[in-house]
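Before any comments, here is the structure.
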Amino acid sequence: MVPVPDHPLVADDVAVRFPVKRDWHGRPTLFAHALNGVSLTVERGANLGIVGESGCGKSTLAQVLTGLVAPSSGQLIRGRPHDGTRAVDRIGIVFQDPHASLDPRMRVWRIITEPVFLRGGALKSELRALAMELAVKVGLRPEHVDRFPHEFSGGQRQRIAIARALSSSPDIVILDEPTSALDISVQAQILNLLLELQRERSLTYVVISHNVAVIRHFCDTVAVMYLGQFVECGPAAVVLSNPRHPYTRLLLDSVAEVGRGAAAERIVDASELPSNRHLPSGCFFRDRCPDAAPGCERPQHLVAPRGDAVRQVRCHVAAAGP
Amino acid sequence: MTGLSGVPEGVPQIRRGIGAIDWHRLTWQMRRSPLAVVGLVIIILVLIAIVVVPAWLPIDPNRINLRARLAGPSWVHWFGTDEVGRDILARVLHGGRISVGVGVFVVVVSASLGTMIGGLSGILGGWLDTLVMRLMDVVLAVPSLVLTMALAAALGPSLWNAMLAIALVRIPVYVRLARGQTLVIREADYVKAARVFRATPLQILRWHVAPNILSPILVQATLDLGAAMLMAAALSFIGLGAQPPAAEWGAMIAAGRNYILDQWWYSAFPGGAILLTAVGFNLLGDGLRDIIDPRQKARS
Amino acid sequence: MDPVLNIDRLTLEFPIYGGAVRALDAVSITVRPGEIVGVVGESGCGKSVTAMTTLRLIPDDRYRVIGGSITLLGVDMLSAGEKALATIRGARASMIFQEPLTALNPTRRVGDQMVEVIRAHQRISAAAATARATRLLSEMRIADAAEVLRRYPFELSGGMRQRVVIALAFANDPAIVIADEPTTALDVTVQRQVLLLLRQRSRDVGAAVLLITHDMGVVSEYTERVYVMYAGRVVESGPTAAVLGDPAHPYTRALLAGLPGSVAPKAVLQSIPGRVPDLRRVPDGCAFAPRCGQAMACCRQAPPLVAIPSPDGPVPRFAACWLPAAEAAS
């Protein structure tokens, strides 16, 4: 048990594995190892970005942080709110696809106020008033709350999803790929809205995304995930501009960005993410790593590289210095 | 983006929304599905014929007229008469109330019970789900007509018992449908969101699953109306359903089968009525499915 | 040299309930041999419809051509019969979709499918076709090609499947490959592999590529020329570096300014006010005018396609906007 001063959310060495095959007794014989020892602390007011590719476990981490999935080992510690409300009410979530995350058969005011409604005890008139207030806050019109989700565009629906996440007055909002399903111009609107709401309501965001540009824009700290582990974490400005771990470098090199000109001819890496059914021994990235060296066959730990105290890398080569 | 159905981006998709039926859109959709319109027209005509027409039809379906026994179709008796001279047209129209009524009753009972069981089973999962589903498998493993006959016979021959038997045997269809749909919706992001906000399984069932599985259940129910009616007619035909002298299509066919070679009209008109109504319900159900879930059409 | 694909002022509508969606409005796109051309825009801008109609992949009863023409490899695609379409599709012109699973039959082995496609257009033996399939896969940097040929599509990862699909697209030496969001479903590291291989293959065999995407980064790094689409119209076109480096149309400018990398972290991003017009009722004149900060009175009339002088070469640049026209006049 780690001491919890006032962090709203702490994960301590969390591992999650899902049974994928069972014997005839129903006992699991094969596991998918989705998270393999993730520790993180959400600091009040400092946005945490979690970046990685599909299959790296970032969605599972989101589900652990919201309580949808229980850790197989390790623990999740939620800070106790000062005003006596339940700790679980202090987390909101916004999903990637606003077409899937809103119930098509519910009116908008019901969607927005669902967290409050589920808590019980609120009158319909109160819920409607709350929904209208939040709708205006996220840039919709009050009369919109009587409509159904399909009457809105993708960006407007994401606004509805954000309003829903806010309705229980959370401390932390988990943003699971909040803009990946949106067009560029809408993405800008949503990012602006989220940052504005943060200033207004002292929120903390945990942003889970594969989009490095969004994380860079949005987050104070960043953790890069690979095969269920953090391979590099630290201040976003440092990690994303000057990556030390070879996987972070590969990731940042692969991102297509405007202004870099034509992509270099060299195929950086033709290998693929190993399966999480049977975890590799030693460093998980060893087989794909251009810098693989003796010592990589041992399990790697997150350590601060020499002369670089602000970040941690899970690579003994990178930790030994440039 | 463009899906496989070839509907390009930017084209408003057909919305599913019982809560928000757009009647104009629905009629527009109906026009593109002519068979559904045919089905709807048949059903409306049948309903008018059996509900409205008998009220001012001058002929009593049970009035015996031994002088006009087994008379062929004529201007007096359009559909002819039976062996005791009762007017077959009047009996077909009155019998329709029973036959269609049975269909509606059976479908309402089996659909609502089955949906509740299936929804609960799907949302709660675990051993309860396993138990329910194995039970349904057992029921489905026995040919439905045989099982219905056995049940109806065990309960004793009466129309009421026949309806119960048919309803019970049709429940598994809805259990499976509702459970399958529930399992899909259970994984939807909006349900995940509700779970993050600490919704209980029953709350999820009530507020998210139920409204969303309504339309497939409705389609299935429409398709089943015809089948339930046929089943009721079959039971009546073998004497386990409506009892004489009640006019019921199946019972009428059964009574007419002794005369089928010489007095074809006796069985043919109630038979035709069953056929027409069943076809009507099936066409309407198929059409509704296309309208509510266009993807299914693309798949088949 | 004659262009491989010439879409000339194509206007297309989809009849829907209560009217028609004008999906394409006088769209002109030219692809010359061996060129990699991007079409970029937000969802609903018509980029996918363009790709689909080019190969006539949308069922005929779903759309109405109002005007214009598509000439693909000298064939008038809008009037071509089924037979002509069958020869052109899959052989001289091929298509890559976003989701590789839709292009592969899940119940058949990869090898069988590739051999079938090859033999549908080439008179060669099954063994020769298998050899060709193996070579196509190894050209896509698939290490154990023979092994992959024996697999079913579901046994392959997403990136591997898309490489198979690209190999398939190049099976019959196409003159043009139309790729509709080929890497949107893939991770960034895999996206890079796939796009580099696509670019390399097209250069090797001299095939042109029409790359449809919503990703400005992909356009920037992998295309030579680009068309920017908005509300069913081409608003700007020209060499990629010039268009993205110095956009002439306010919409292109706004799109680029809205990218998160364009301002300091947590600063307010420039966003485009309002929303994409309803394609059932596109405003007269410039479709972007209601959202445009620089709209003028003349924007109520349809803007001409103005040639933009570009210092860095002979490739012409155009923008459908009154602003550059006004600048040129003054």
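For clarity, chains are labelled A, B and C in written order, and residue numbers in each chain start from 1.
Convention: a residue touches a chain if its C-beta (ideal position, glycine included) is under 8 Å from a C-beta of that chain, and two chains touch if they have at least 3 such contacts.
The structure presented is a predicted model; accordingly, all values stated were derived computationally and were not measured.
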Query - Chain-level touch network, classified as line, ring, star, complete or other - result: complete
**Report entry** Pair of chains with maximal C-beta contact number
**Finding:** A-C
Report summary line: Whole-angstrom distance, CA centroid of chain A to CA centroid of chain B, is 48
Query raised in the report: With chain centres defined as C-alpha means, what is the inter-centre distance between chain A and chain C in Å?
Result: 32
**Report entry** Multi-chain contact sites of chain C, meaning residues that touch two or more partners
**Finding:** 43
**Report entry** chain A, residues touching no fewer than two other chains
**Finding:** none
Report summary line: Per the touch rule above, chain A residues touching chain C in the complex are 53-54, 153-155, 183-189, 191-192, 195, 210-214, 216-218, 236-237, 250-251, 253-263, 265, 267-270, 272-273
Report task. Going by the contact rule at the top, pick out the chain C residues touching chain A in the complex. Result -> 42-43, 141, 143, 157, 159-160, 187-193, 195-197, 199-200, 214-222, 241, 244-245, 254-256, 258-261, 263, 265-266, 268-272, 275-276
**Report entry** chain C residues touching chain B - in the complex, by the definition given at the top
**Finding:** 14, 16-18, 21, 23, 43-46, 48-49, 52, 57-59, 62-63, 98, 102, 180-181, 232, 279
Requested in this report: Show which residues of chain A lie in contact with chain B when the two form their complex.
Outcome: 63, 66-68, 88-89, 91-93, 95-97, 100-107, 111, 114-115, 118-119, 148, 150, 161, 164, 168
Report task. Using the touch rule from the top, collect the residues of chain B that touch chain C in their complex. Result -> 1-2, 4, 6-12, 24-25, 28-29
